[in-house]
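Okay, got some structures for you below.
Two complexes come next, and they have one chain in common, chain A, joined by chain B in the first and chain C in the second.
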Partner chain A sequence: MPMKRVLVNEPVCMGCHLCEVYCQLNHSTSSDLVKAFKRPEHQNLPRLRIEARNPIFFSLRCQHCAEAPCISACLTGALSRDEKSGAVITDEAKCIGCWTCILACPYGAIKQDTVKHKSVKCDLCQGSKIPACVEHCPNEALVFEEVAEVKSK
Partner chain B sequence: MKTLVPPQFRVVRDPERCIQCQVCVNQCSFNAQYFDAEDKVVRTREENCVGCHRCAALCPTRALTITRNPMDYKANLNWKSGDIEDIWRQAESGGMLLTGMGNDKGYRIYWDHLLLNASQVTNPSIDPLREPMELTTYIGRKPDRVHVSADGVKLETTLAPQVKLEIPVMFAAMSYGAVSLNVHESLARAATEMGTLWNTGEGGLHETLYKYGQNTIVQVASGRFGVHSKYLHAGRVVEIKIGQGAKPGIGGHLPGEKVSADVALTRMIPRGSDALSPAPQHDIYSIEDLTQLIYALKEATNYTKPISVKIAAVHNSAAIASGMVRAGADIIVLDGLRGATGAAPKVIRDNVGIPIELALASVDSRLRQEGIRNQASLVISGGIRNSGDVAKAIALGADAVYIGTAALVALGCHVCQQCHTGKCAWGICTTDLGLTRRINPDIGAQRLSNLLRGWGLEIKDMLGGMGVNALESLRGNRLHLRGVGLSDTELEILGVRMAGS
Partner chain C sequence: MNRTKYLIIGNSAGGIGAVEAIRRVDKAGAITIISEEPYAAYSRPLISEHLFENRPVANMLFRSPDFYVKNNVQTILGKKVTGLDLKAKTAQLEDGASMKWEKLLLATGGQPIIPKMDGVKTPGVFTFTTIDDAEAIDRFLPRVQRAVIIGGGLIGISVTDALVKRGIDVTIVEMKDRVLNVMLDEAASALVEDALKKNNVRIITGRTVTEIHSDFTTEILTGVTLDNGQELTAEMVVAAVGVKPRVELAMAAGIKTNRGIVVDRAMQTSTADVYACGDAAEVYDFIFGDNRVTPIWPNAFVGGGVAGANMAGKKSEYAGGMSMNSIKYFGLSIASAGMVTPPDAAYEVISQTTGRNYRKLILKDGIITGMVFTGNIESAGIICGLMKDKVNVEAFKRALISDNFSFLSLPEIVWRERLEITFKKPAAMSGAGVRQ
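This part shows the complex of A and B:
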């Protein structure tokens, strides 16, 4: 199934971490950046991370694999594929924090939320037209594109 | 030695807004921001801040303000803070003071004392939204006379090579090594899109940019870096660089730290070695020698490209320019006092050369008096800030202008004058591969094209106001200018009448 994914134009990723900042904001219960970071009740983890070894920077997140090992590994069925977007998403109610998905993920793209004791990962900002990281990348190093099209470039 | 120089800036952080995201820390290339891991807060080393605003521009909560450090000395109109601190710097280093960008002293900016005309009642102004407007400019040697066939259809005169510009604004010489490859790519792509030219500067042309050759001026400077047959053939114009407005009489100096593997390959010099251009071209000690180099380059390019000669605007520019035209230059470039640089001794940048407006007017007048103005196009650079300056330059007699600083500002430059450090936090004047990626050529080319597009619209509006529909009607037409606040001598040199007269 062709689906849109977040791709990194690595030569212009400058490791500013703003994708993380806006990811965290978009997954917060507050839409105010300052509150999302400062108030404990609104805090959460960014669902991506920056791999940095100067001069290389790379904004890494879930690849939403066609055959996702995390879905197969999940003990409770908390991870599943969203039929509409093709994204691998987490049902927090079902997640028991066993971290099996983290062991299974070949990209290291799933994080432990040790406060809520749930696994968190990129959901391509379900409900938004463009993922927050892409929208706010100051150098347009992140693009949201159909994978098939990108391969043909 | 303990420095006596106080921090130049203060970084004011609003604790209410700061979310400790550390974007400022990872974006500051001067180590002025750091994360205190023990207290888990971002802190500042103000002595390192250069006022480039990179941190403030990227701070997601706008928590940062950069202000001048309000350290007041005893009021003294002779000994200003900069003079005192420069002495301390030299007493501590024992060296020359280096700097970047153009002259920042208060020498008169003549553009701000010149005003354009507009049509009222007796001649109609033209609305560029409804009527065609022509900005097209051809640069290159023009014939003394044109012969047309008897039927009046065919041009019988053989024209020297001409280059068509859709807008009379070109990107000035900034070498690969001084600026990054991404900057070069942005300039090349914007020049191609807008139908103008960009200039390689003296550091050669990276092989990935040869495809933009039809919009490229390739420069030959005293160091001959990256100059070879393929390079000369790649360009649309070949430019001999004699001098540079920011440092007349001095050659380029690219520190070895900026000579990365790719820069070394393009310049054809060892990696990490200082790229020092000799102060003079060692094969040019006279006008006759210049003729030899001009014709050597014409021979090498089969007389298919105009040859440009660039000099810094200095006291005898008019006489020198006359010699350059007679030596065979098809384009003359004058780079004025406020022309910028990637690195220059501060004392040279701040004290040598003359304002471009005066140089332009005197050179144009001189070439006209001698009846040789048609033999070369006149291009000026050094301090063009907006389309108003462009229009005034054209009216004073320029065929086209170069913009360097303005182009870099379009890319994000904040004119912090740290180009010589190679640490440009905006990723422009650096070859540090971790920093150069801060310029995305897709965005850069778009920003530069947008700037030229905007200026083009404004120039058309000014032309329309003056009641002319082609830039050619403004060129060298100093009656479209009036001076304000200038002495009789200044008005005489500029060839412009006083406002009201």
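This part shows the complex of A and C:
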């Protein structure tokens, strides 16, 4: 199934972390930037990771693989594919924080929320037209594009 | 006689993986799943939650309630298959019914090993692998203050976690010198033992239970005796000494079995049109380069998927799996994969500990054959990926155990290749924006 994914135009990424900031904001229970970062009850981890070794920078997130190893590995069915968007999404209520998906992901794209004891990952900002990271990238280093099926590593 | 195109015995990780794979290829062919357990497919590891927080079965299902309807699967639940006729291609059920099939999958899983000893049939002795086991324990708990768990493997730790949360005084008796000795190394086992002790669990290693006793007249379980003569008082015993593949159906039908049901890389057994997967089967392990029983959920699901595709006529090969475990109990964060201790001196072990983070790799000729991480395990999957693809890491192996390891710790040619799919392809012939 062809789907839209976030791609990195690595040569023009300056490592400004705005993608990370807006990812965290978009996944917070508050739409207030300060609350999203400073109030524990509104804090949610960003679902991407910044790779940086000057002068190379890029942000890395879930690739929503066609045959997603994390879905196969999930012990509880918390990970599944959203049929409409094609995104691999997490049902937090079902996740027990067993971290098996983390072992299965060759991109290291799943994070441990050790406070809630849940796995968190990119959901392509379900409900938004464009993922927050792409929308707020000042340099078009992130693009949201239709791509062919992704075979994972 | 009832007929089905695809018959799947076992309604769990392997069976459901197969259904999804069959339906990707064949939308219409009749699929029937038979299971002895009377529930919709549930997450077996969650029986621990079922026991300690009374998690309802509805919240243990790993697929949506309409899964069977949506995939047009007929289910026969709560019935056991008692025999197979491979020539006639039929299966006999315990109620006398039989079912004719074209393609068969044995996803029969494992069954707990019951140790042979006096008193093992006493009421109050349980195993812990099914919802029914968890419920039987739950019903018995009002009579229990102290429990003895025989075996400190994953299932032993899992039931301990639940019992501790239910306020029971638990003693684990482990024959080897440490708990979780199959899936963890010494350092990680020590972490688990620490966490257990903090939860007031008593651990007795290097010992085994030789006898379970009960009161002469009332038959009420009173305790156990260890092989050194030591006695422990308890009202309940859980036997968690291991699980063995359920091969009885296959064996009786004349399908080749070893420790598990023998399959090839298409997951087909020694008999054409009969497949096997999961805890019941011996499947290809890419670390050891042989077929073996590796009873973990992801391998069962993926193997079921390969079997299902082949059953539906789409050629598919099992790339191979490896042992891969993580520990969720007692708030720990531990991950291991492949070998956890080096089998001989030809293997190299490198490790690094920083605070609560521990990273260990086992390598041979530059290829990673095993890993154990504790603490921050977020990059464990990147390592497993390198293991799976047999990437030679000799030149940069130290970077892999560094605390701040990330893709950019790898040589550029390696990370570019591994992350190819995340990068936008440079527009052809256009120099703009491309670093020279």
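List of remarks:
Here is the rule we go by: the second predicted complex is superposed on the first by the 147 of 153 C-alpha atoms of A that agree within 3 Å, B and C clash if a C-alpha of one lies under 4 Å from a C-alpha of the other, contacts with A are read in each partner's own complex, and residues count from 1 in each chain.
In this section, a residue touches a chain if its C-beta (ideal position, glycine included) is under 8 Å from a C-beta of that chain, and two chains touch if they have at least 3 such contacts.
Quick caveat: nothing in here was measured; it's all calculated off a predicted structure.
Model built by superposing both complexes on chain A: chain B and chain C fit together without a clash. Residue contacts after overlaying the shared chain place A:Glu51 against chain C, while chain B stays out of touching range. In the overlay built on the shared chain, the residue A:Thr114 is in contact with chain C alone; chain B does not reach it. In the superposed model, A:Pro138 lies in contact with chain B only, and not with chain C. After superposition on the shared chain, chain A has more residues touched by C, the comparison being chain B against chain C. In the superposition on chain A, A:Leu33 makes contact with chain B only, while chain C stays out of contact range. By the touch criterion stated above, A:Cys16 is placed in contact with chain B alone, chain C being left untouched. Across the overlaid complexes, the C-alpha centre of chain A sees chain B and chain C at an angle of 150°, to the nearest 10. Of the two partner chains placed by superposition, A:Lys84 touches none, neither chain B nor chain C. Here chain B and chain C sit at a least CA-CA distance of 5 Å once the structures share a frame through chain A. The interface of chain A with chain B overlaps its interface with chain C at residues 9, 11-12.
Chain A makes touch with chain B in their complex at residues 9, 11-18, 20-22, 33-34, 37-38, 54-55, 57, 136, 138-141.
Residues 16-17, 19-23, 26-27, 58, 60-61, 182, 427, 432-435, 437-440, 442-443 of chain B are the ones that touch chain A when the two sit in their complex.
Put simply, chain A touches chain C in their complex at residues 7-12, 49, 51-53, 56, 58, 60-61, 63, 69, 72-77, 93-94, 96-100, 102-112, 114, 117, 143, 145, 150, 152-153.
Touching chain A in their complex are the following residues of chain C: 17, 43, 45-46, 49, 59-63, 297-298, 301-302, 305, 324-326, 328, 331, 333, 335, 337, 376-382, 384-385, 388-389, 406-408, 418-419, 421-424, 426, 433-435.
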